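Structures follow.
After this come two complexes, each holding chain A, first together with chain B and then together with chain C.
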Partner chain A sequence: MSAGDQDWDEGIPERLYVITRGRSGLAEQATFDLVTLIVSRAEPAPTMQPEHAAILRICGAPLSVAEISAYLGLPTSAVTVLLADLLADGRIEARSPVPQAILPDRALLEAVIHGLQRL
Partner chain B sequence: MLRAGSPPARRASAPVLGWLLPTVVTAAAVAAAVSVVSAGARTGVLWCGLACTAAVAEAARRGRALTALREQCARQEDELRARLARQEAETTELATVALPEAVARLQRGEFPEDVLKAFERREADGATEFRAAREAVLRTVLDAVDNEEGMRESAQRAFVNIARRVQAIVHRQAQDLRTMEDRHGNDPAVLDDLLLLDHGNALIGRLADSIAVLGGARPGRQWSRAVPLYSVLRGGISRILDYRRVELHPVSEVAVVGPAVEPLIHALAELLDNATRYSPPHTRVHLSAAEVQAGIAIEIEDGGLSLSEEGRARAERMLRDAQAGIDLNDLGETPRLGLAVVGRLAQAYGFQVSLRPSAYGGVRAVLIVPQQLITTAPATGRAHGIGAAAGLRPVPGVIPQPASEPRPYGRTTAGAFSAGPSFGSNAGILAESNRPDDEIPVVAERAPNGLPQRRRHARPSRPGPVEVSRVPEPAQAPVQPGMWLAAFHEGVNGHAPSTGAAGPTSEESAGKGEQ
Partner chain C sequence: MDYRGSDTIAGPARADLLPDSATMAVKVVIVGGFGVGKTTLVGSVSEIRPLTTEETMTQAGAGVDDLAGVERKTSTTVAMDFGRISITDELVLYVFGTPGQERFWFLWNGLFEGALGAVVLVDTRRLEVSFDVIGRLEDRGVPFVVAVNSFPESPGYPTEDLRAALDLDPGVPIVACDARTRESSKDVLLTLMHYLYGLSARAGR
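For the complex of A and B:
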């Protein structure tokens, strides 16, 4: 054993699957999008898993799933799993962003405006 | 004829008397006979008498010589007997005292030459040949033992060496897997597979660690900083097969000092593995930690079969044996590494381990971490979720630097995968989404290792202006968090968001970014 192979470890001892308890977000995929906005509805409790508590803490103002993922440094799918837990407990609220398709077509609006102006 | 034997008390005068007296008597008798017989027979009688006297004298002399010889023989025999007894005693001493002592000294690490010298000095007397033979025996045995020890040691070293290599590979693989998990975090199906691989990798790592520990080395990784107890416990959970069954109860906010982190994780993993392995698959295993006078008591309770008194005694004996020192040869055909490893680690780091029947019906393993391995100071820069001050803080689920730039799969196989561009969008998103670190002072403070670390503070390095000019942004004013996300959702990579600390965000802002 040389000293060379005793590398210092600067990561964290726990692995991702323990944080998500083995789930990868396949089931939760439908509920959350990258841009789904999350806002917390409860205070973080000391008995919670720290990641859950952290989500509640940072989601005082609405944040998107992607942002939460970035803040926590966790992959989006893992965050989705955590969010699903919180959502099931009613501790957060998820709001889908306005879908592109629902917004009226720009050309149609312009046509309407032109029509109105011509009146 | 007179017998020449004489009592030993008069041995001094006996020789002379012994052979003189019969001769004189015979001579006298001959003289008497010569004087008595007739003149005709006188010559014959005289000759006969002379011959007779000579014979008697010779017989007496020989008798005397025989006696002397006998005495000498007896003396020699006594002497030889004494020598034999002495040698017997010495041989017995060699077998019962000297050899065991020499072997023990050898096993304590003394050199064979030194041991031999010590024994040579001790026995300065005695016949040279016998001493030489004794020395030869001693030397042969010591050489044999020394060879044996050397072989065992080199076998152990080989074990440890291989384990170290496996550890290194597993460790690198774990890091790569974590990078991949970040990179493919958007795709649950891929992430699912990656988590599976990650788990298998951790199991291999534990096995390698076990071999290293049993080989007398320390478990692989080293931590330069204190790690929160909660993370340590979850680290232990990470390394067992049935990690889903472990229920982690909230623990007090303390940290484990760096050098003790890895051993503790490993010991916990072995105990948890035992607990999950010997309890029904549907039951849960409870893991909790409480502060006690001696330090921190970590309890692992399972709902399996209760430990009989006999089984408990056996398990504790195993722990004790391991603490006394165990080598790989003692493990037997089907090695039960778990408790041996725990015992080894407990001995090396001062953990106290006990196994008791549990209130749940199973076994309750208690591992006490001594006070000196516990620090109440929060782990450097990595505020834990529990009781941490409110604010945007990273949670321990963070591997430093993961998303900062798309990294190829492995350092060695950089060219093998076209990592960069193909995953560009995903990695770009993560890279982008990590940027606000700079805006949040608490996060900027993060120094997960306590070592000087490069930070991505530098604003000038950002490709901001270029990007902005490329994509007209409606508002340069502080944008809400949802804003820039929406921006890159539109496909803007590498844009520098200038968000303030997460202020009250409204749906309009998100909507605005969306259009």
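For the complex of A and C:
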């Protein structure tokens, strides 16, 4: 039984409301996919909101939005709000996932197949 | 998962860092019922210890029988486990496990957006969850393969019986797997990729 199957938890909406300053993250989710790779482009500063600083600190090497959510222990909707702030200030670089129209292209699939075969 | 305070947040271990050359990421989704082995499969193929991300359910849970006793909740979080496989220095594959029950479908929008495809992980002792999942994936146009996780006490069905029971199109691959082993889990992902490749080739992409 996986943790994901039973991990029902009453959230703490008030805390999330403070962290995101009331933004739902819906608009930001259009910009950030779960697998958008984030890389810091600035150093964390003491004057920053702690969550912003934490993101800059752990994104020295590329990390996906999902990984940032996992390390911060925050829902992805809250993380995308924080990332939108950092992106607007030029403090992070966001590397968007490969866009899929309807079906992925064959060169991409060939790369994935070869990568998996090496596992 | 509890927020740990910004000073104590540990990022990835050194060994888990992606190279700065990582510029593209793709994802696949493993979907199935409770206890079917999604997290086991993710853990088998992942190069990092599987991580957990969560999303907040904003819809009211009223009227959903399984939530009896928790109707007062206004915010419920659901956890999703995921893993990572570095394909090349530039390309990274993420594998997400997500529960298949209808009440979790609110997670699917962000999850399947841009996903290469899906694996429906099936436990032959509990096929009913898979019916809804398969119907939903077909509605969304998400290409998928079916993987049957072998449990010692699972009844073994011939593939064609299972195909009929799940009302699957003839072209959709069905594979047996042991989600505990990397080799078998890798084969499931490869089955999906070869299936997608065939679809792309036929579509002339």
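Here, the second predicted complex is superposed on the first by the 84 of 119 C-alpha atoms of A that agree within 3 Å, B and C clash if a C-alpha of one lies under 4 Å from a C-alpha of the other, contacts with A are read in each partner's own complex, and residues count from 1 in each chain.
The working rule: a residue touches a chain if its C-beta (ideal position, glycine included) is under 8 Å from a C-beta of that chain, and two chains touch if they have at least 3 such contacts.
The shown structure was predicted, so the numbers you read here are calculated from the model rather than taken from an experiment.
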Partner chain(s) touched by A:53 [first = chain B, second = chain C, both, neither]: both
Which superposed partner A:104 touches (first chain B, second chain C, both, neither): second
Chain B versus chain C as contact partner of A:95, first or second or both or neither: both
First, second, both or neither for A:21, with chain B first and chain C second: first
Which superposed partner A:61 touches (first chain B, second chain C, both, neither): both
Which of chain B and chain C A:73 touches, first, second, both or neither: both
First (chain B), second (chain C), both or neither touched by A:117: second
Which of chain B and chain C A:40 touches, first, second, both or neither: neither
Doubly contacted chain A residues - partners chain C and chain B: 1, 5-11, 13, 15-16, 29, 34-35, 37, 50-51, 53-54, 57-58, 60-64, 66-67, 69-77, 95, 97-98, 100, 103
In the complex with chain B, residue positions of chain A that touch it: 1, 5-22, 24-26, 28-29, 34-35, 37, 44, 46-54, 57-58, 60-64, 66-67, 69-78, 80, 95, 97-98, 100, 103
Touching residues on chain A, where the partner in the complex is chain C: 1-11, 13, 15-16, 29, 33-37, 39, 50-51, 53-54, 57-64, 66-67, 69-77, 95, 97-100, 102-106, 108-117, 119
Complex contacts: residues of chain B adjacent to chain A: 160-161, 164-165, 167-168, 171, 174-175, 178, 181-182, 184-189, 191-192, 195, 198-199, 202, 217, 220-225, 227, 230-232, 234-238, 243-244, 250, 261-262, 265, 382, 384-388, 390-400, 402-403, 429-430, 432-436, 443, 448-449, 451, 480-482, 485-486, 489, 502-505, 507, 510-511, 514-515
Residues of chain C touching chain A in the complex: 1-7, 9-12, 17-20, 22-27, 34-35, 38-40, 45, 51-56, 70, 73-82, 84-88, 91-94, 96-99, 110-111, 113-116, 141, 143, 182, 186, 189-190, 193-194, 196-197, 199-201, 203, 205
